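Read from first to last, the chains carry the letters A, B, C, D and E; within each, the first residue is number 1.
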Amino acid sequence: MEQQPTNIWIWSAIAVLWLLPLLSFVIGLVLWRRRKDGLGKFSTSLLAVSTLLSWAIFGVNFGVPESFFSVSWWTVGDTEFSFSLALSGITQLLLVIVSTVSLLVHVYSLEYMKDDPGKNRYFACLGLFTFSMLGIVLSDSLLLIFCFWELVGTSSYFLIGFWYKKESAALASFKAFLVNRVGDLGFLIGICLIYAIFKTLSISELQGMVDAIQWKGEVFNFEKNGELISSSPFMFTVISICLLGGAVGKSAQFPLQVWLPDAMEGPTPVSALIHAATMVAAGIYFIARVFFLFTPPALFIVAFIGAITAVMGAVAAISQYDIKKVLAFSTISQLGFMVLALGVGGREEGLFHLATHAAFKAGLFLAAGSIIHALHRFAHETHAHFDAQDMRLMGGIRRFMPTTFLVFLLLALAISGIPMFSGFLSKDAIITKAFSWASAEGGVRWIVPMLALFSAFLTAFYMSRLVMLVFFGSNKTPLLGNKGGLTENGKLITIPLLVLAAGSLWIWFNWNPFGQGSWLMDLVATDRSTISGLYLETTNEIPHKTIAIISILVSLTGVGLGYVMYDEDEHQAIAELEEKTSKPGFWSELSFNNWYLNELYDQTVVYSFNQLTKASSWADRRVIDPVVNLTGVLMVVTSVVVGWFDKKVVDGLVQLTVRITEFFGNIARSFQGGAVQKYIAWSLFFTLLVVTWILIK
Amino acid sequence: MGNSIYLLLSAFVFSAGVALVLTRQNVIAVLIGVELVFNAANINFVYFNALYPERLDGQFFTLVVITIAAAETALALAIILKLYRTYHTTNLDEISNLVEE
Amino acid sequence: MMNYLLSLIIWTPVAGALIVLLMKDKQATAIRWISLAAVLLQLAGSSILLFQFYQFPESSGGYSIESFHFVEKANWITMDLGSWGVLSIDYLLGVDGLSVPLLWMSTLILVIGMISSWSITKQVKGYFALYLLLSSSIIGCFVALDFFLFYIFFEFMLLPMYFLIGIWGGVRREYASIKFFLYTLVGSVLILVAMIGLYISVSDPTEILADGRLVRTFNLLHMSDPANFIAGSILDPTSLKEWGGVSIRSLAFLFLFVGFIIKLPAVPFHTWLPDAHVEAPTPVSVVLAGILLKIGGYGLLRIAYPIFPEAALDYSWWVGFLGVVAIIYGGFNAMAQSDLKKLIAYSSVSHMGFVLLGIAAGTTEGYSGAVFQMVSHGFISAALFLIAGVLYDRTHDRMIENYSGLAEKMPYFTAVTVFFFFASLGLPGLSGFIGELLVFLGAFQSSSVNGQVPQWMAVLATFGLVLSAAYYLWTLQRMFYGRLALREVAWKDMLTELTNREWLMFIPLVFIVLLLGIFPHFLLDLMNGSINQLKELVFENGKTIIQSLNSGGS
Amino acid sequence: MHKEGLSFQLLEALGSLNQVGPELAIGAGIILLLIVDLITSGKRPLLLLVLSMLFAFVALWLILPLWVQMPEGGLLFSGQLIADRHALFSKAIILLALALTLLFGTGLQLRTEYYYILLSLTLGGMLMVSSTTLLSVYLGLELASISGYILTVFGFKKLNFEAGIKYLLFGAFASGLMLYGISLLYGLTGSLAFTTEAFTTQLQQANEPLALFAIVLVLMGIFFKIALFPMHLWTPDIYQTAPVPVAAIFSVVPKIGGLIVLLRLTESFSVVSSYSQLLIFMASVSIVFGNMAALNQNNVRRMLAYSSIAQAGFLVLPIAINDGFAVTSFYFYIFIYLFMNYLAFYLVDHMEREQKFSFNDYKGLGKKHAFLAVAFLVAMMSLVGFPPLAGFTGKLYIFSSLWNEWQTSSGNLLLIVLLLAAGNTVVALFYYLKIPYFMFLKVEEKDTSGMETLTAGQVMTACLLVFMLVFFFLKPDSLIQVIQQIPFPVTQL
Amino acid sequence: MDTGVIHYILAALVVLSVLGILVTRNLLYAAFLLVLTFLGVAGLFVLAQADFVAVTQLMIYIGGVLILLVFGIMLTNRVAGQPILTQLNRTVLGVLFSVALFTSIVYLSQGFHSTEAVVVPHAIQRLGMAILTDYFILFEIVGVVLLVALVGAATIARFKGEGHG
């Protein structure tokens, strides 16, 4: 394997940019209970350095083949587990995305969390998160990825439950961690299986082995250190699906997407960073990293999971009233899109969408947070009590918060897939890829691009609904009306918004707003072989133009429909709303309740889990303990019997037998009374037993 | 011929002694039973000695048994007298304060 | 002095106990300091040992006395039993990579337990004397290489433990202590029977008397070599004697196995554990969970497996199965508990299941994982019981439902709790993860490498991770999050932050759990050589014996 | 010819006398004490105590030269007795038991007759262990029994008389059975000298069921002495009622007497097939029965009585196995048993003087009487067989001998017995632990501040016994070396 | 032949008297019937060449033991003019056990080789010699036993008071 000589400068820079957030975390831990302000700014400046470095690396190292850094971490038996990092195009891209978004969120949070007593804890957790997320990005070892994978989950747990005094927040964090753990089991099993076969967990080594793979009929043959390792394609499908499990959990794919909407209990900047831009995208990134291991059947499953999630999320987003929930479901849907992209073989397309989505979804969340923050401030000033996230209580906000409105509008257009924005480029690329994939094999696969289109349509629809409800029409906030009082937030909030909005323009990705793909896709592309590549797949290129037109049309229809449906006379709108809440139809209920997945899981998984818990506790107290104690009990019983035999045998026997016959009664009574003679009788009895034994023998 | 007489007799006396020991409530009657058991053994000893006349083991054994039986009886009676003073009975069934709790 | 380092570590507390016994009950402070000094000396000794150990080259060669360090050998009992031969019992101590980590962990936990014992005020003299005796016998278990010596320490341990639970325990302490004693004594008796069979069947190859009589030995290393079994003895690997279709060697293995897994404890012999833990005073729980359980696992690896390798290979399916059952079953039970200590106790059952699974897997990763898990669980469970103790000390109540929102009242305590809960549920970067990971790696690998444990077991075992996350996080959510709500108003003032003494106990544990989680090689490097030797011993001897049996039997 | 024979025989008898030095010393002691008692008219118990102690040590001292001079031992008095090392070793134990019994002191205010009857009990035991004919066995047994009956009554309370008559009647009946058995054996073999080859060959040729029947009857008499199932029923009553030192000596002297007789008999009897099975069976039943019955006792001494039944079972097992290793383990265990049992009774004695009879009375004593409680703990743990005490080593050897025998036998019976015996250790723990349990774990109910602590002398005695138990755990080889000098098989003539 | 008849007569005497003891509940009757039994047994001893033993039997049993028993009976029953009766208990069991014993002994006794009784020459003389030679030590021990029993009996009987508490 040709390897770039380790560039000491690059790697030192990486070390610095990676460890600075950790430093921020450690200092945050130390200063956690101090009520001083400086920490936030300090963390932000640390992160600024990180971000600069990441851009610098992006620039300096652009187009350079991947390079590795590896030291021995620990050894068990003869197997060495190394601490290995990799730097390639995909890494650089993610480094930039993560650090930049994180920096923006940090800046934003300076304002947003200004008055929160736990803000030191908050920044510490953000530091931990950024560190671990960068860890995922940089790691070359599956084990390391898993470690950081769990760590991001943990920081997410802490941040969702940041306001731990709120029961719902505590519960949501619990749920998020648990659901993620379920997914991680798959990841872990996958790792273990890979280790069992290859005795290594290094992605680059695995890639090397796949490069040199020998396809012998039913089995794959690998060579490692002169040893021949054989494995069946089926095993690879199993491994791929297991690894997919991790991604399904982390990226909130069907059927594990239930945690993400609840995770909105965390502070909004956190939602932007973790639950929109970066952590949830880690699943996609991860699959992209181990894409070469996936077999066609596994990819087929990936595509369908993505498609299903995309539609389910989009449907659920339609009828939400909580502004963050809409965005959460939208995130699920978009993540589904990315997974779909991977499934149809569009590794680069998926990553491209990841990048664009990171920008516009983070921006959307931050913008929503901006509104919420302003409303909170307003509520605080006027002592009003209302739900600051309920869209039914908003409306007409564009008048009060023009910057936020502008940003929100741009980003909504981006996500809706309207040309001139990044979203169009990436979505279009995915849909194109999906169509070519489907047309190559045909059959049931056609469902995937259709669902993709459908979800694109829904996306446009619910985004325009959101914009209409929040920014247009009349204001329904209690005590606010059309008077002033609600004001735009400060610069620390608006500047990150504007940056992200700017980032969602087409120009950064492709000079041609209707163009195909992006240079980013070339950056992350790799020429290494994949397992699915072994199966000669016929790809049938469908002209990009056709697809682009279709997708633009679909998006526009969605936007238009949303605009028409929600831009009516205010009274009518309200009446309609009331009607909707009082008499919900089946579909809107289904959508509102996210397909009743929570209820389904409560009734099945959680219920059986609880039953099992009860059953095993019952078994422990009532079965195992007693059964194991049975020997003891038997012992005691015997002792009681012996004791009883010694003193009372006879009373009982007597009373029983006397009634039956005098004769037997006499015998029985014979053992009674006069202790000596009783003793003698017993001894004689046993002696006679022995004698009997002698006689029979 | 003589063979069976002695053996049968001793067996009979032995069993009778056992029966006495088991059935009588009066402690002295029980003692009588014990004496019968001893006598049964003695009959055997003397009879068997006649079968093996080289040494007089059997006869001497009988002497010892007789002596010891006497000693034991004396001791027993001493205890019985004391017992009678404290319990006012010689009925063994009534002399049983030592029972397991 | 280095030559007698192990003896020093063992006997220092006994000396301490004697001094304590000579003092008056009223001199409580002095007693405490003397006891602390004794265990600190122990810790110092084992630390010296540990650092020396890092400098030894990794032992190569076979599993023999040469691969042990700090060996002390003295003739203890030599009995000439005439034509039967000579019975020889040695005072044989030594440590290898398997025992050193456990040894060091034990000494540290003992020190922490001692600090935790500071709050004991009832019958101080007796308590500390017993505690010191306990610490002696624990260490003795880990360093004895003579089966007899091991057994003495193993069995003697019960007595101080019995009194420590029985006198200083909670409400149902009497029941708990007797249950503990009886369960473990049953195990000891089984081990005793196996031990008797072994020494009668094994002769010392290094000592042969001039007249050709055999020297029967209790030396564990001699027992581990099938060549040393006396031809024609019942436990001779070629012996065909059986009982009810089970060969006697397998039977002896089962005796040892059951004896040790009662201590471990594995389902279904675990029910003494929750009771003992709940009733024991905090430091005793700490020692019990932190150290005593490990002796079961250590015994399996040091005694049962090397001596009866073929039976071990034979039964590995069941061993693994028991492990998986313990993991899942313990987890579910932990979920159901409303008593914090019981919850932790059941979580111990669950976590010790990993040890069994790792041992059953029979791969290097599995063995290493089992040992790693034992060490890491030692630290983590100690901390968890200390956490329960912190609450109990303040309110004398351990019921989960009686607390809510503690995070608000005791933020630092909450942080510590969260740390150890996450360590216990296997968060990467903390020691608990590495042990479990290694066990999984070993278990998954097993079916392709040696066919000991099927993969479905490993898959089932991973479910334990979800379970542990569930019960720990649920507990966090119930006790620490939410609004502050306590059963009694007065508690609000009682629930104060951690004291300096408590910090002193937690900080080393936090440090070590982190260290082992991030740099596991500190531990793995210590034991790699020994584990490899052990593994090869078990598999080579096991396979040889099975082959010879098959060829001899047919 | 007759005269020549006579003088020869007389000379032989006289010559034998120097080999029964210990017995002579004790016999002389009995008579001397009787005379001194008559002279002082029962007013000087302390003098008698010292004298008995003196005689005990003289007798003990007399054993030494015999041990050295007579490695093989020889028949004495025309083959009635033997002074081999089996006899000498057991005599030493018996005399040690005597000395220890005397150490209980005069606190009981026993009548002065107590001392020489104690000596005669000892003499009976010594006679039993050196018997080689059924006649001397019977005589020794009766001497021990009769002294036992008398000693039981000492204390002279209502219950003592009751216990005395019970013991006497049961004992007389048992010896009646034994006598009948002996007479049948005599009839079968024409000899009473059971160590002779003639006896063994005759027995081998005899009708098996009849021989076995006779043997069973003989065994019953011996089982009575060692308190083995099914002749154990008297034990709890007597142990509970007799004065504590008497109960203590009952648990050792007649037991070892009976056991050595059993050991010698086994050598001959084992020619009858299924004899050893019978013995093993009885021993096992004893272990189980004793342990089970001991479980739910409330009275400490009753518990000890049942435990001694179980211990008797443990002691009979190696005898039933009857090989060199087993016999070694037997001697080791009985030697240790002496110390641990005496320690228990010694402490119980102190408790009873404080009117504490049942476990309930022991509640919470551990706190204030720490030494007492710890000594109790040592005694009980040693009886259970818990390291680091010699009781453990003893049990270990017995179990080892079982395994060793199993190795050479064909079936798996011995493994079952081994497991049963080992399992019973756990059962035994239940009740042995009761005393420490009540002393340490329970809280005292009554005010025990009035209770006296042990005197310095008592502490020393207890320390001595504890030391023995620890010492023989640490260095069992010192004892085993001595035991190894006892030749095996028992009869080498 | 004639000795054979005497055998039977004596045996019948023993059997009948023992049966009488078994049947009667009167203690005094039992004691007197015991005399007959002892006499019969002594007679059988004579027939079996054990003259000295027979004499001892008569002297010690009838002259000693029996007298003791009668004394005992008298001393422990204060009711005058009424027959001194003993209650019965366990009759069925006693009979059952003793019959079982009897049958098993009789059954097993077939295992004896039927050797004919031989005349024991010079029995008394030889016994006397043996007592002082072969059985010298045992004879002494019997003495000790007697002494101990005597002292014991005396101590017990002499003891005044109902114990110390």
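Just so we're on the same page, contacts are C-beta pairs under 8 Å (C-beta built on N, C-alpha and C of every residue); 3 or more make two chains touch, one makes a residue touch a chain.
Computed from a predicted model, the values in this text were never measured in an experiment.
Any chain touching subunit A that also touches subunit C appears here: D. Among the inter-chain contacts, the highest number of C-beta pairs connects B-E. Chain centres defined as mean CA positions place C nearest to the mean of all protein CA atoms. The chain with its C-alpha centre at the largest distance from the centre of subunit A is E.
With centres defined as mean CA coordinates, subunit D is found 43 Å away from subunit C.
Subunit A and subunit D have centres, each the mean of its CA atoms, that are 77 Å apart.
Averaged Cα coordinates give subunit B a centre that lies 64 Å from the centre of subunit C. Inter-chain spacing, taken between the CA centroids of subunit D and subunit E, is 31 Å. Touching of two or more other chains is recorded for residues 135, 139, 142, 146, 149-150, 153, 156, 158, 164-166, 169, 173, 177, 187, 209, 213, 237, 430 of subunit D.
Annotation for subunit A: residues touching 2 or more other chains are 643, 646, 670, 673-677, 680-681, 684-685, 691, 695. Multi-chain contact residues of subunit E, defined as those touching 2 or more other chains: 89-91, 93-94, 97, 101, 104-105, 108-109, 112, 134-135, 138, 142, 145, 149, 152, 156, 159, 162. Remark: the chains found to touch one another pair up as A-B, A-C, A-D, A-E, B-D, B-E, C-D, D-E. Of all residues in subunit A, those touching subunit C in their complex are 32-33, 72-79, 143, 146-151, 154, 157, 161, 164-167, 169-171, 173-174, 177-178, 181-182, 184-185, 188-189, 192-193, 195-197, 609, 612-617, 619-620, 624-625, 627-629, 631-632. Contact residues of subunit A toward subunit D in the complex are 635-636, 638-643, 646, 675-680, 682-683, 685-687, 690-691, 694-695, 697.
Interface residues of subunit B, counted against subunit E in their complex, comprise 1-9, 11-16, 18-26, 28-29, 31-32, 35-36, 39, 42-43, 46-47, 49-51, 53, 55-56, 58-60, 62-64, 66-75, 77-82, 84-86, 90-91, 93.
Interface residues of subunit D facing subunit C in the complex, by the touch rule stated above, are 324-325, 328, 367, 370, 381, 386-388, 392, 396, 399-400, 403-404, 406-407, 412, 415, 418-419, 422-423, 425-426, 429-430, 433, 436-437, 440-442, 474-477, 480-481, 484, 488. Subunit B makes touch with subunit A in their complex at residues 18, 21-22, 25, 30, 91-93, 95-96, 98-100.
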